[in-house]
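One structure follows; several queries about it will come next.
Labels for the chains are A, B and C, by order of writing; each one numbers its residues from 1.
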């Protein structure tokens, strides 16, 4: 990549939003992208588990400058009725990208089959890639680390490296 | 799990519905959940391969008490034009759960690559999990057995174990 | 299969459509299905990366006689904003078939994890199966070869082998 990727991290958690818990997953993700991808973290925020709230935030981040190359979410990907991060994400992405999640889960599977309990999705709005990660710090970190090698290439394509779409 | 899971089994088959064949897959699934999950099977039924018929039954089961923790369907997940169980399921679920199907197929793959010919989906209505299994007895049994270890945890989360969503 | 499968190949590429590049992926796919599946290639065409254009072509091919058993597309499955072959395909298929793509990517993964960057989908219109393959010649060929063993069975089911849906 010619210039460092820009990243935004959205923590989705009722308890963190209400001050009943401290967000450790969001900061951990910021550390990883800074160290491993040399990224600039340009936005972080915490929202409750409300579909419209999450969708609004993602759409705003992906469309108002300075917009990030990559948005990572953490939380709200489980099976419980209030876990609606995937639904909010599907509501706003233009092009879904299930393969990134499948690669992530395939690689996490050896450590824990429970990786497949996460319902996270991935997809793009214009040139911004959105990836849902689990809410637990360990789950979020392991899931992100599982696809770190492929993210620079994905971001390059989204940025529109002119030689790429030309086959 | 504090109390045994409640399960309902829906057999989707024109031929079984018309009395031209005997349903062996449904009873086999009932046996497995009783023995392996200590479950109470509270409902079983057979419907033809009609999308509205299947969707109505799933929605009724998932919303009228006593509703099951888990609904298993068998049949109608293939490639033929009348195989519409996945479409009926997608019509009624609120939150889809592709990871459960991927785990199932990944584990069945060693025995038979044809597991990937099943188009089955998984997802939840409120606190009821719905999983589509293949129609053949062998396919249904092998597919269910492939995720038996993870089902108790999935059901616990759906029931709302208070510590869980709190991260 | 009693009679050879009929196949159509759609190349999706702005540059090939505009004459700025020569389509090598489409002809390579034709060669493979002729040699490996003994198929009749009954239609080939090249369209630009325009969602409505792609969708119209797929729908026309799948519904006007002589219609093919299988339509393969190559191109437009990446992450770039103009990569919309999956969206065009989802717009016209009646029954999606994610398992075929998952089998393909699982088997290609050993050679290249980048197989998971393809967003290709699979699904059916009536009795015609549509599968999206990557645009690069190597990616298209490796992806098709990864599922060659299962395609005859899938086509048999779609053709309506009378014993099949009867369980």
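What we mean here is this: a residue touches a chain if its C-beta (ideal position, glycine included) is under 8 Å from a C-beta of that chain, and two chains touch if they have at least 3 such contacts.
Here the structure is a predicted model, which is why all the values come from computation and not from measurement.
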Rotation, 0 to 180 degrees and nearest 5, that superposes chain A on copy chain C via CA atoms
120
Since chain B and chain C are copies that touch, is their contact same (over half of the numbers shared) or different (under half)?
different
Please work out the Cα centroid separation of chain B and chain C, and write it as a whole number of Å.
30
Mind pulling the chain B residues that touch 2 or more other chains?
98, 102, 106
Which bits of chain C are touching chain A when the two form their complex?
13-16, 20-21, 25, 49, 75, 78-84, 86-87, 98, 102, 105-106, 109, 113-119, 135-136
Per the touch rule, the chain C residues reaching chain B in their complex are 94-100, 102-103, 106, 124, 126-127, 129, 149-150, 153-154, 157-158, 160, 164-167
